[in-house]
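Presented sequentially are two complexes of subunit A, the first with subunit B as partner and the second with subunit C.
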Partner chain A sequence: MTRLVVGPFNRVEGDLEVTLDIAEGQVRAARVNAPLYRGFERMLEGRDPRDALTITPRICGICSISQSAAAARALASAMGMTPTPQGARVAALIHAVENAADHLTHFHLFFMPDFTRPVYAGHGWHGRVIDRFTAIDGSALRAAVAARADLLHIVGMLAGKWPHTLAIQPGGVTRAPGPRDKARLAVSLRAFRRYLEETVFGAPLEEFVALSRIDDLMRWGRGDVGLFLDIAADLGLDGMGRGSGRYLSFGAYPVDAGPIFAAGAWDNGPRPLDTAAIREDLSHAWMTGTEAHPSEGRTEPDTTMSDPAYSWCKAPRLAGRSMETGALARQVVDGHPLARAMAGGGVLARVAARLLELARTQIVMEDLVAGIDPGATFMHSAPAPREGTGEGLVEAARGALGHWLRIADGRIASYQIIAPTTWNFSPRDAAGIPGPLEAALEGAPVQDGETTPVSVQHIVRSFDPCMVCTVH
Partner chain B sequence: MSQIETFYDVMRRQGITRRSFMKYCSLTAAALGLGPSFVPKIAHAMETKPRTPVIWVHGLECTCCSESFIRAAHPLAKDVVLSMISLDYDDTLMAAAGHAAEAALMDTIEKYKGNYILAVEGNPPLNEDGMFCITGGKPFVEKLRMAAKDAKAIISWGACASYGCVQAAAPNPTQATPVHKVITDKPIIKVPGCPPIAEVMTGVITYMLTFDRLPELDRQGRPAMFYSQRIHDKCYRRPHFDAGQFVEAWDDENARKGYCLYKMGCKGPTTYNACSTIRWNEGVSFPIQSGHGCIGCSEDGFWDQGSFYNRLTNVKQFGIEANADQIGTAAAGVVGGAIAVHAAVSALKKAQKKSQDKVEG
Partner chain C sequence: MTRVIWLQAAGCGGCTMSLLCAENPGAIDLLSDAGIRFLWHPALSLQSGEEARALLQAVADGQEPVDILCVEGAIARGPNGTGRFQMLSGTGRPLMDWVRDIAARATHVVAVGSCAAFGGVTAAGGNPSDAVGLQYEGAHPGGLLPPDWRSRSGLPVINVAGCPTHPGWVTETLLLLSAGAIGAGDLDGYRRPRFYADHLVHHGCPKNEFYEYKASARQLSDLGCMMENLGCVGTQAVGDCNIRPWNGEGSCTRGGFPCINCTAPEFEEPRHPFTETPKVAGIPVGLPTDMPKAWFMALASLSKAATPDRIGINAVSDRVRVPPTLRKPK
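Coming up: the complex of A and B.
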């Protein structure tokens, strides 16, 4: 048995270190360490509750709107209010733009460049990948960065700036879009669809969304998606990094008719979502205190960093079980047939589900814009309560994000956040059950002499980790 | 050192046409507030000078600065500046991983000794010997010191590197510390904002590459060309402030008319930045245009000045010039207070540690 420490990882958001026990060319056990701690939950205590809207987005510059949306939802729930229907619609649109941009970034800037490595020289697709996906310089990367900047005009228009948007509030959004804005939004979306159809998918999005079988998916053959699928078939990415098959989604884009992508849990079949059954286990985190529901949890770092803990990350569990979250989880829970067919998980499933969701999200965004009524009320306001509790649940690009807030004497008494990567990259719990990434890494092949095993790189990135959110 | 390409070589290699290149030079001159006579100067510098290597490191941060940077507005900045400054070492974007990445950093430092610009995003947390931010098995503060040692100059990107930003908010659990408090023997240019505007970032870097010196700085170490005016000075809602027309509640009739957001807590009158002129996301908008007040994210201590929704109380409708400096002093005072608070918290922490030892014992 040899031990290998892999890290720091580049092309992930934040810092990450993975310790691998390797025997007979396979990973036997993996321990994931999130080596960055800032203490946001502690800083929020004692502040005006509304300040959470400004502080929490700064946990992460990549998914800041998700944090902002969760904070707004948590405050709204403490105030006992819901956003106006049109306010919720615009908030959903702003959020969907960020998620779509994140999926695009992940595929182009973070995930695909790994296939340009020299270890893959000699594979039929290697030349194409080098041309399209070389880090920083690849032609596909440059096109994606440009398309993404154009798409984010929508956030600019509706929310002033990105990252670290301020427009989403408990009662809706601060910006009431006029008819001219609505037309400009539609133009931006049309340009993004054209880019997706011409470059990424190589076909109408509806055609990709209509896929329901893995065989049909693998025969896609068009656009950069086709290139990825050729690679996936050649390297067997389907069987790599399989997960537990347990998924969690808080439901994405809540509008007056409910979330556009459904909320729920999945464990070999749909399960109801009971957030009261969430516990954060601290047995392997450098935290003091005891296991608790986030509404009662604390964040007290153990400055002695004593064993057996090995990460700043707590271990959230739903009814005692580890859960995977993200685009695959969301699409499985929502019931998309292709995602359900891929519910066994793995590198292929996670990446393909993200692409599927990118296509679906474009259609969602178009519907949201079409339904904007410039004459309506986009926000109402109410004072923050002196006392109260709130729960804000949203779906970030990387999965289920929850904020739990308690207000006492007009100030924040406690604030707890569970981010998507907290679920996915959690350490072991008291029962010794590994977190989803740790479990997915078991069995990953390691070639002789590999110090940064390429399979481990693929599996880690297939989750699209956001390490700064993980510990916060 | 002899084999470094010029900027122009790099651009041509990227497939940028001569025409686009000249356009970029004139846009840059304009953005930097330089006259048309500077355009050939910039072009000449880019054609003949070896490009300046840049090492970009990330400490305790959220990557929002990188995110902003790669969305720069110049039609070319996205492609050109990124490739031309050649992020010889960048944690978030580069190809190498793991120990190869660490080796790449060492190589770059060695190769361009004394000649590279160190761009720092985020800051080092100093508590507990820096263990709250470990990269490559070492506290970030060590990496920062090592990379700074042979740098020609340092750019502190964003509020984190410049001032500490929200992670330094009371009680500053990790003792997040701005770069200039750790590195004291190098020229440092602060480019604050959370994040800074993309065009400000590319403008600063282009200036340094072109003229091989720091731009003119204000007394806080910020490039004067972008931070010499308040948001308020150039805010398109300013006439409503002067006319006493204010938004009184979110989405009220006045909000729809685009009245001044001062009463909603806007910090535009005390914030020095270029948001109201350059704007965001390729010039589309800025926070005030989206109906939300400015939170003052480019000012030191903005995170600990009371609620973001509290109204500024010391802004006079007329004669505001008289007390702008007083506001600056007040901010410094608050930072001093934060340090005192921090000392108290450290004492508290020690107490916690003791009780925890007891539990374990």
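Coming up: the complex of A and C.
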């Protein structure tokens, strides 16, 4: 048995270290460490509850609007209010833009460049992938960065800037879009659709969204998506880093009719989502205290960083079980037939589900804009309560994000956050059960002499981790 | 060629995300066209694990030259001064030690964002990770590096403050450094590049007419000026946010929420709720920059009394209810 410590693990958001036990050319056990602690939950204690809207987006520069939306919903639930219907619609649009931009960033900047590595020289697709996906310089990366900057004009118009906006409030959004704004939003979305169809998918988005079988997916053959699928078939990415098949989604983009992508859990079939059954286990986190539901949880770092803990990340469990969350989980829970067919899958399933969701999100954004009523009320106000509790559940690009807040004497008495990557990259729990990434890495192939195994990089990045959110 | 190493310390990564929003041309083209190349960037470069460790070690040892070190995020010194709240993964060493070593080798050192400059939001509340900026602790000189520290160029750490930074602030600082066009006189009192720090967020704010009459918003989503009630400090905060907008045509005040002075040290602790103006006996605390108090009070009460109906009504509406009166040509 040999041990490898992999880091700095870049092209993920934030700091990540993975320790691998390797024998006979395979990973036998993996331990995932989130090596940065900042203590946002502690910073919030004692503040005016509204300050959460300014502080929590700054947990993360890539999931900033997700944090903002979760804080607004947690506050709204403590205030016993809901946003105006049109305010909820615009907030959903702003959030969908961030998630679409993040999916684009992940595929182009973080995930695909690994296939340019010399280890893949000789594969038929290697020349194309070097041309398109060389880190920083590849032609597909430049096009994606430009399309992303244009798409984020929607956030600039409706929410001032990206990241770190204060536009999403418990009662709606701070800026009422007029008819001319609505027309410009549609312009931005038409341009983004053109880019997606001409470059990323190579075909109308509706064709990709209509896929329901993995065989048909693998025969796609068009655009940069086709290039990825050719690589996936050649390298067997479907079998690499397979998941447990247990998925969690808090439901994305709540509008009057409910979330556009459904909330729920999945374990070989749909399961009800009961957030009261969430516990954060601290046995392998550098935290003191005992396991608790986030409404009762504490964040007290163990500054001695004692064994057997090995991460600042807590280990959330739903009814005692680890859960995978993200685009694949969201699309499985929502019932998309292709995602259901890929349930339990590995690198291919996670990345293909993200692409599927990118296509679906474009259609969602178009519908949201079409439904904007420029004459409506986009926000109402109410004072924050002196006492209260709130739960704010949203779907970040990377999966289920929850904020739990308690207000006492007009101040934040407790604030607990469980981010998507807290679920996916959790350490072991008291029963020794590894987190989803740790489990997915078991069995990953390691070639002789590899110090940073490329299979491990594919598997880790397939989750699109956000480490700054993980520990916050 | 200008060789840049970018390290992400204790922050959110949002300044990199914002940098990628640069336009005309985009960030990648802009930098490469100017001969500015990332030796390593944690979000962008191919090198991971062993390859990245070897590169960073070669830079720290002086074997691999570096022109500009960019640090994004505050320096977490805790617990107990060990820096172990942020170990550079795979190296068993605190990130703060890596930053210190590489800063000693770099021609220029740039703090990207208010966390790297002053501590920023990472130092909010009780500052759980004992975070500081590279050369400031809040508004006090001296952070990870002492007040009299200078990079090999002779300049102190250049503080491109902002939360996040505007992509133009970062790209233009790199362009100017690469051209040898930043001297000590081009930095303000907090060592922020004057090309953006000599402006106030108030300059070009679309709420200026409301400000002129102190026609104030009562709640977020009202069009009126947010200085009196909603915590806006755009008349005091440095930044050209309303001169060259964000993400197309945005800015905080254009988005309908207040400027919270994110380019300033200690903005994270305003000692009042961010979206509420502190008042003494009903009078807002805080004056526009360079405005004598007595004149401000006199002008404010006079202009308030002179507020036209159009401006007074629109100030407390979420859209323009009363358009400007039309005048026929004479």
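The rule is short, and it goes like this: the second predicted complex is superposed on the first by the 472 of 472 C-alpha atoms of A that agree within 3 Å, B and C clash if a C-alpha of one lies under 4 Å from a C-alpha of the other, contacts with A are read in each partner's own complex, and residues count from 1 in each chain.
We take it that contacts are C-beta pairs under 8 Å (C-beta built on N, C-alpha and C of every residue); 3 or more make two chains touch, one makes a residue touch a chain.
These numbers come from a predicted model, not from an experiment.
After superposition onto subunit A, the modelled positions of subunit B and subunit C overlap sterically. Within the superposed three-chain model, A:T288 lies in touch with subunit B and out of touch with subunit C [touch as defined at top]. Of the two partner chains, subunit B is the only one touched by A:E300; subunit C is not.
In the superposed pair of complexes, A:W125 makes contact with neither subunit B nor subunit C.
Using the contact criterion defined above for the overlaid structures, shared-chain residue A:T116 touches subunit B and also reaches subunit C. Once both structures are placed on chain A, subunit A residues 5-11, 13-15, 17, 35-39, 42-43, 46-48, 50-51, 53-55, 58-62, 64, 109, 113, 116, 134-137, 142, 145-146, 148-149, 152-153, 155-167, 169, 172-176, 301, 303, 305, 377-379, 381, 451-452, 457, 468 are touched by subunit B and, in the other complex, by subunit C.
Listed in rising order, the residues of subunit A touching subunit C in the complex are 5-11, 13-17, 33, 35-39, 42-48, 50-51, 53-55, 58-62, 64, 105, 109-110, 113-114, 116-117, 134-137, 141-142, 145-146, 148-150, 152-153, 155-167, 169, 172-176, 178, 301, 303, 305, 377-379, 381, 451-452, 457, 468.
Those residues of subunit C lying in contact with subunit A across their complex are 8, 10-18, 20-23, 26-29, 32, 38, 40-53, 56, 76, 78-80, 84-91, 121-122, 124-129, 131, 163-164, 219-221, 245-258, 260, 262, 268, 273-276, 318-319.
Those residues of subunit A lying in contact with subunit B across their complex are 5-11, 13-15, 17, 35-40, 42-43, 46-48, 50-51, 53-55, 58-62, 64, 109, 113, 116, 134-137, 142, 145-146, 148-149, 152-153, 155-167, 169, 171-176, 288, 300-306, 312, 377-381, 451-452, 457, 468.
Every residue of subunit B that touches subunit A in the complex is listed here, in rising order: 14, 60-68, 70-71, 78-79, 82-83, 87, 91-102, 125, 127-128, 131-137, 165-167, 169-174, 176, 194-195, 249-251, 255-256, 275, 280-282, 284-292, 295, 297, 303, 306-310, 349, 352-353, 356, 359-360.
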